[in-house]
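Got a structure for you, written out below as structure tokens; questions coming shortly.
Order as written gives the chain letters A, B and C; numbering starts at 1 within each chain.
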Amino acid sequence: MKIQTKLKAIALNTFKEAVRNKIFYLLIAFGVFFAMSSKLVSLLTIGNEAKVLKDVGLASIHFFSVLIAVFTGINLVYKEIEKKTIYNILSKPISRSSFIIGKFIGLAFTLLVALVSMAVIFFFFLFISTGELDSGILIFFLLLYMELLIITAISLLFSSFSTPILSSIFTICIYLIGETLWTFNLFKEYLKTPIDKFAAHFLYYILPNLERFNVKSAVVMKTGIGTFHVLNAVLYTAVYITAVLVLAILIFNKREFK
Amino acid sequence: MKALEIKNLKKSFQSNFLIKQFHILKNINLSVEKGDIYGFLGPNGAGKTTTIKCILGIIFPDAGEINLLGKPSNAIESKSKLGFLPEHPYFYDYLTPVELLTFTGQLFAIPKDRLKERTLQLIELVGMKGKEHIKLKKFSKGMIQRIGLAQSLIHDPELLILDEPFSGLDPIGRKELRDIILSLKDNGKTIFFSSHILQDMELIVDKVGIILEGETRKEGKLSELISRSVRNYEIVFTGMEEQAMKENNLDCIPRDKNFILRAETNEETNRLIGLVNRGNGKILSVTPAKMTLEDIFLKEISR
Amino acid sequence: MRVKLFFIFLVCIAMAGFLQFKYDSHTDYFAEKNVFVALPPGQTLKILSFGFQDLTADMLYIWAIQFYSTYHYNNRFDYLEQVFNTITDLAPQYKEVYIVGSWIMALEAEDIEMTLRLLDKGSRNMKNEWIFDYESAFYCYKNLKDYPRAVRYLKKAASKPGSPSFIKRRHAHLVYMEDDLRKAYAMWVEINKNAKTIIEKDASFKHLYQIKFELDKQVLESKVKQYKEKYGRFPSDLTRLVRVGMLDKIPLDFTGKEYFYHPETGKITARRMFKWKRR
């Protein structure tokens, strides 16, 4: 189909551009470096070095991959507008929505490559250090990828109308909110007026709840993650990124480029 | 069916809520016949690029109608027959010409084999053979412009829109570009380009549209515009003293170290020649001159 | 010019080194001092760690190990319970923290009640681990000498899955230490019956021997006393007790051999003695 070729072209081009960015490699390198430094940290603990190894390793990969998701996403649309390469795209028979979707696919693919490289290195390292290969960690990487897709979609959204600095601040703020949104359940009983209740609930459901992707404890402690949990996470991701991309398309459709 | 038709196009910008709206396009009307070369002429800031951006859907007009090859310009498929070269072409500088043309072609969903063929053809056409695998960031402006032209032709468009294509080219480049445009016309293509350099336009256009301060001032076939103009004679002389020139009320234009007089009739020409001779001036040349496009243009501006 | 600049550089570095040396000779890095530790409660840290709570728990644990190894901090035990509570709130399933925490609390800070609180928390949060209740039992036995409490803990430990066989043995022994000889005997019989290893068989044998001895000793010595009260002197040997009808038959030791009877004192001794009751 024609539209597939066009989407593929944009996605591939986005990927090529993303992997040119030195920051991309730097962040991957840091992610791997910190994951491996977990070996040193584990020496300081008493008992169960494997737990510390996995905790530090998975946390570093998580942290740096979030940074990759944020910083790769915010540059992409902004750069096209800055450098006016966007004129070349908009003058072609490709809808603005296809452009945004193509960009997202390219970013998703870039992230996949980054995450898989980090995962492979980390698995290898884990195997050498502890001699065990845990399939639970695969589930962690799957859910981490879902989380990254949401963050990427949000950073793309901001990138379609805002400068990189503001986009990065907003995206990181939403990430932090997403990680702590679960605390809403702790204080919602203190909301008294109907307006407060409504506003708070509204925000709670609109903002992304990233706690569902936090399976590091379950994976390291091997307490198991149910299929319901995984299924719910994947569906949530699919639905949420669709919503965010639709919003990005709506905004981008109205933009003019002087 | 006209290749491009614009009716009553209006566009204004407002940079923030406090400043009043700034009307950049007040009333643009133009029509481009199929197979013509159309020159879109206007000084800097008249709204040429804005008009072109409205055609391409990069900017959304406030009012008016734009039809590309019979269909409204905001339909996606209209763009599949349209080729565009922006004023300052920017491409992904980490790509090579081949990669860029392949990418562009994919946006038109051109099948792979045909795309490969076209890519090679176009690289040769714009004279970039041998350099097709060098990254664009190493190219000079002229070379990028050539590649820009190639990417605007990758899908064999019926209508080509070029925004200031001659700017920044050296005389050889200009000639080459003129040749390419003429050969495209021979192949049945319609070319619409904007410029403020009149000499290039004069040599190749069929029809001209003059735009000033967001309005179309004059539009018409070049042959008609110029033939309507008055033939005059250009007298180039030197050696006369300023005092003498003033005494004789000679309304002359200095050019380099000489002076020019314009006369509209034979009789006037003779009279002026006599005046110069009596004032001890030396006649260097007497040339019948047509009114140039520049003259028409300057006349419009002064109104 | 270059040489001059290099010279200035050398002089400055030398001066910096000298000043550092002076500073070092004035400062005692290992002087005893008081510290202040402010740690947010576990729930707050959980929120502030933005999804990295296990990492935070690990870092705090590693910090705590270093902190409690710094012996010149005088008042470090003031924060002991708070620190380990915070870590276990962040990672309730982190077994090592409870264990190491309990070591520091019991062996260094010597606060057994604090130790027991931490171990109880571990037992609550990790319902399938027997080790916490076992350790609690040990501290009750060794430090508090509160045998009933130790027994309660051992019961809890024994009920957890995977609890090793020696818990039953400890339990039986504690019951013995509480002087409930018959119950202890019954428990040891059970252990002996289910004994799978040589250690188990051997240990249960010894305990059964000793307990039987003590039980028999009680009975025999009371009968001997009874005899003396009736006849004015200790019997010459134990068969006399049977003949006068005070005893049905003479009990033998666990191996089926006779006890030793000392007519001068009226005491019974056994061929083998296991002295566990040292209080």
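Miscellaneous remarks
Rule of thumb we're sticking to: a contact is a pair of C-beta atoms (placed from the backbone, for glycine too) under 8 Å apart; a residue touches a chain by one contact, two chains touch by 3 or more.
Bear in mind that the values here come from a model prediction, so they are computed numbers and not experimental data.
With chains as nodes and touching pairs as edges, the resulting graph is an open line.
Of the two chain pairs shown, A-C and A-B, the one joined by more C-beta contacts is A-B.
Chain centre most remote from that of chain B: C (centre = mean of CA atoms).
Each chain gets a centre from its C-alpha atoms; the one nearest the centre of all protein C-alpha atoms is A. Distance between chain B and chain C, defined via averaged C-alpha coordinates, is recorded as 96 Å. Averaged C-alpha coordinates give centres for chain A and chain B that are 48 Å from one another. Those residues of chain A that touch chain B in the shared complex are 2-3, 5-6, 8-10, 12-13, 16-17, 20, 83-95, 256-258. Contact residues of chain C toward chain A in the complex are 47, 50-55, 57-58, 61-62, 65-66, 91, 93-96, 99-100. On the side of chain A, the complex with chain C involves touching residues 41, 44-48, 51-52, 55-56, 59, 62-63, 176, 179-180, 183, 210-211, 214, 216-217, 220-221, 223. Partner chain A is touched in their complex by these residues of chain B: 13, 53, 56-60, 76-80, 82, 84, 86, 88, 90-92, 94-95, 103-104, 106-109, 151.
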